[in-house]
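Chains: A, B, C and D, in written order; residue numbering restarts at 1 for each.
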């Protein structure tokens, strides 16, 4: 259980790191959307391993195949199944893992939960699972862009203790993509890359914070009381491997303000009701208010190290583990498209929910 | 949509602040649990308004009535409906709200979503809705306590800029309840109360951070990949009114550590596999590992102020709003039992899911 | 589990026959629908006990109370909770049932499932549970009528071996309501009433078949492949107490035809694509085709008899049971509004689903 | 929407008749079940086209590939994705269908719903979709067999007007498989085959009735009130292409009996509480009672004919359609394993639900 997400634009992912394939089926995509395998591939390439010197060297083309739901370049309204075969699987590199628990990985908890696990590369707990999310997210993004003009841009705000300067507005996607580290501030990006190379050499790793901005969301998306927009965004982000925190709008910082400092006053701007400030982060009472939605996600440092670590075997015997396998000293650059994809999935789902309940009854107006 | 939570221990809440009643129906509670209205009332009394000088003076007994599902002191396994009538409703105090949008409240977004709203006291967006959650949470907590010995203790770690000293272990519920502000550190509690009185006098408000510790959770709860334990806890907390952030384990702080500093090494302690440290916060790969689960939740300062604020009317005309109604300068003390209730609901749901899939097939072992 | 129905117009019912109350909460009702307690009461009165000499003499006003979700005569878009208190509960009449299993009732299976049950009047297995369905159904019917002009008319086609003559078109609701037995053919209705009186005198019971016609359903409702319209209608009907069969369109009879006799040929009628015949029953490939939807439901004879029957006690000891309690010799007349309500719930749910996915994307056309 | 089934053992299918592949992902399968591709293939071969002279000549090996969730011969507890590629796709055979509506097919309704469709072979509305169900069903059946000793046997009771003689007990699977028509009564099977050959020669088709018997189901499965076992079985069967009716236990026949004739009296047989008769069909109050579950499903005659039929084009112009494509004069023999698979999916889902709520709380006993 737990491998499905969304209520109306519902995705179900499958796949282990070193099994046959990873993929996703999307149920609920509206018919008639023009979409090609190339558009999906574009997003997958952004999260692909081996795309730059600062990520894992695992070699995977991550080539997507459309199994169903798309015909002559358009969605049919039926389930869209997307599949990506695993290629560069070297099970022999993982022999040790079968019997020894890697610290801060999911080996132990999978064994506790299921009584078994596919040890190679973390099996289902591997971040390869997010391929399905990104493939589905590519379709969700296209819908949002085309129907509502929504733009989602995530980027790295901080790696370890290297932060980009404070800034007010969302950077462009081009600015983000200009650096392999996906930080839109060139000087900071350089320092981040240096830090990643540094920890890689030491067989160590670093984490940081990704920030995401969403513009163009119409007011009215989000369902009180449990399926608030920020609650679903939070769940989406906290379902990503290595995440430890989520905050929306003013977040933890905002709790240092008084109400009189924090409230977003309403004003009439250009004939539209707007807020003068946006500490709410574009969501009030769980529902979008038409302002920019922004949030941050905290990623812990990668658990895999090329260092000797104390641990135990499956039987509880103390032992040492020397990380081999392939090593990704910082997951954040590749996590950027994943964060964007999850945000897109949440938004398109809430947009469909809003359409169902609120926007086309004759009696509603 | 959006008023249900949980997959197997599923609650559905109803009610507006000034409508007939607020309540909840629970579908999926196991049969045979001994539970009384008094036990449920006990938790409701902890979130009741007017319980101390630092909360809203609204007078509500919040008396729960069991409508179904419990017979001769035990759950039947059928839906449990719990209802609480609204008493101290003074609609006349809210006339202004019908036409004027309160800053940082949900008035505007409800209008945008539904085309209408019940203006009195915020209607459905009022925190009175959480009564149903706390009533259901009381039952969830009893199950967890009785079946697994799980203890959930939340408390206030910070109000505005007043923090309690760093501490390692979970405080007792008695220590938390000793002060009306629900901070277990007496000196800090006094300062917090003083600050709350201070902002109340100024018609202002403050927010802060609640921390929650959960002990006794067995390893194995949590469903990869979307329904990770921390993802569901995060969603639960971010579905509460006024929350802006959630972090689990090392949270945002942990991102300043390197992997070699952050990893929780496994060791054999008293014949059991344990982690030497607990920066993971009791969850690895989305699944509980048997260590203490802990997380924090950020609450923004209350939006209602007894001050003049700039805003607009429904028609977009600039106006001033002078908060009247009843004023709660700091929601955190009353939010403590709500945080605990939501955590309990998440845990009992995941425990049932784990029972279904993993713990009683002959072939699983 | 199992007390909720529908995906977007989702109802959750509660209540035992002799507990405090029975009721329902509806999540997903569009905002702005004008609806009053009186309109809901009207449908409840059609299923109320004691409405005529041919039903159970249990005296219940079945007065509905709106707890939430409706304000100043219109739905808010928030959950609508509707509650009906149990009044004429005579637990003493059911003492025997606590220890003895009534044949063809749910006493034994509830004990097997839950390890306990509320014995009085069948507890949760009582048809009183359908009150919540009818209350919610009244709202669903209003939506269908107002938005789409859909008319749902059910009636009794056969009681025991007394059938009304073959007929082609749906009778009017007035014709159905003209007789307490809810058969629109007056002569047959009289015979049915006589038969019911006859079996009542003998302490016996009869079943029969209800037929339902739905006109005005637009083409396009129903979701391939599992949530076909007829599959959801079938589930809805088979979830009613005492039902043993469901058939749509040509049903079992149609299996005696060859394909060349059974196929509904398309034709252009008045500028619209129509079928010349309607053996499909208004549904093709699980999706409505704009023709009349019709189906039948088989109800077994009431299990409660005022006769001596062989049975066993909870401990498995042979004993005799002499039915006392209140006796309903034929449930079909009161089941008519319940069948209509369930059909309305299915249709409004599918209409919302269709709106979400298919009817308002710019790219769909 | 609508391509998923089940709550805890949840399947999601994908695929069009002439797209890349058809398949299924199962979320919620318990870990540790020994299962091989061969076992799944065995069931697929039973529903494969071209297996005998009385079914469609389409040539498909329907070779299943396991994409995920199974490792070293055992389920992992993670999603199991199973994929079958379409091979013998002859789109040119279907050119006419793109513009002309086949009578009693889903061409028209898909166009009405989605505004487009994949015309070749019916696209998503093709019975090829059931491949995913049968593949998932093979795993469900293995669980039921291994854990509970449950046996599910379906067979053809009637083709057109040729019925097998009345019989009391479930036939063996061997008896059913002895004839390609899957009727366990050899003389009747011969007549059925002759009838099928006869209608095939005439380019016509026939339907009929499949009966299914399930033995070994423990008492207690099924969830009041909406998810009754018979309601979920009914939905499962009515979600199959070409089905028009479902009845359980005494079904429509039973409505001709009085309550005193219909009730199943309880008795103590061999120290267990049993019913003397079984008109209930193994389900009382929506919950299994430990007796044999049996039901029937009505299948209409195949809509595809090799005859000239009146119809209209997409634009509503009258035309004639001469069926070409491949023709299956009677779908029932191949539907037998599909009926069994759907029954298995319902049962394993309810078994998991029962485990979650009712069978392992210390307080339940």
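FYI, a contact is a pair of C-beta atoms (placed from the backbone, for glycine too) under 8 Å apart; a residue touches a chain by one contact, two chains touch by 3 or more.
In this text, all values refer to a predicted model and were calculated from it rather than measured experimentally.
K.L.:
Can you name the chain that lies farthest from chain A, using the mean of each chain's Cα atoms as its centre?
P.N.:
Chain C.
K.L.:
Looking at B-D and A-D, which pair shares more C-beta contacts?
P.N.:
The greater number of contacts lies at A-D.
K.L.:
What's the distance between the Cα centroids of chain A and chain B, rounded to whole Å?
P.N.:
Here the centre of chain B sits 26 Å away from the centre of chain A.
K.L.:
From the C-alpha centre of chain B to that of chain D, how far is it in Å?
P.N.:
45
K.L.:
Hey, how far is the Cα centre of chain A from the one of chain D, in Å?
P.N.:
Chain A and chain D have C-alpha centres separated by 39 Å.
K.L.:
What residues in chain C touch two or more of the other chains?
P.N.:
If we look for residues of chain C contacting two or more partner chains, we find 1-4, 8, 13, 28, 31-32, 77-78, 113-115, 124, 224, 353, 356-358, 364-365.
K.L.:
Per the contact definition, I'd like the list of chain A residues that touch chain C in the complex.
P.N.:
8, 28-34, 77-78, 143, 146-147, 224, 352-353, 355-365
K.L.:
Mind listing the chain B positions that touch chain A in their complex?
P.N.:
It is residues 1-5, 7, 13, 101, 103-106, 108-110, 112-115, 124-125, 129, 158, 160-161, 199, 204-209, 219-228, 230-239, 241, 243-252, 254-268, 271-273, 275-276, 279-281, 283-290, 298-305, 307, 309-312, 316-318, 353-354, 356-358, 364-365 of chain B that touch chain A.
K.L.:
Would you tell me which residues of chain C are touching chain B in their complex?
P.N.:
That would be residues 1-4, 8, 10, 12-16, 19-23, 25, 27-28, 31-32, 65-69, 71, 74, 76-81, 83, 113-118, 123-124 of chain C.
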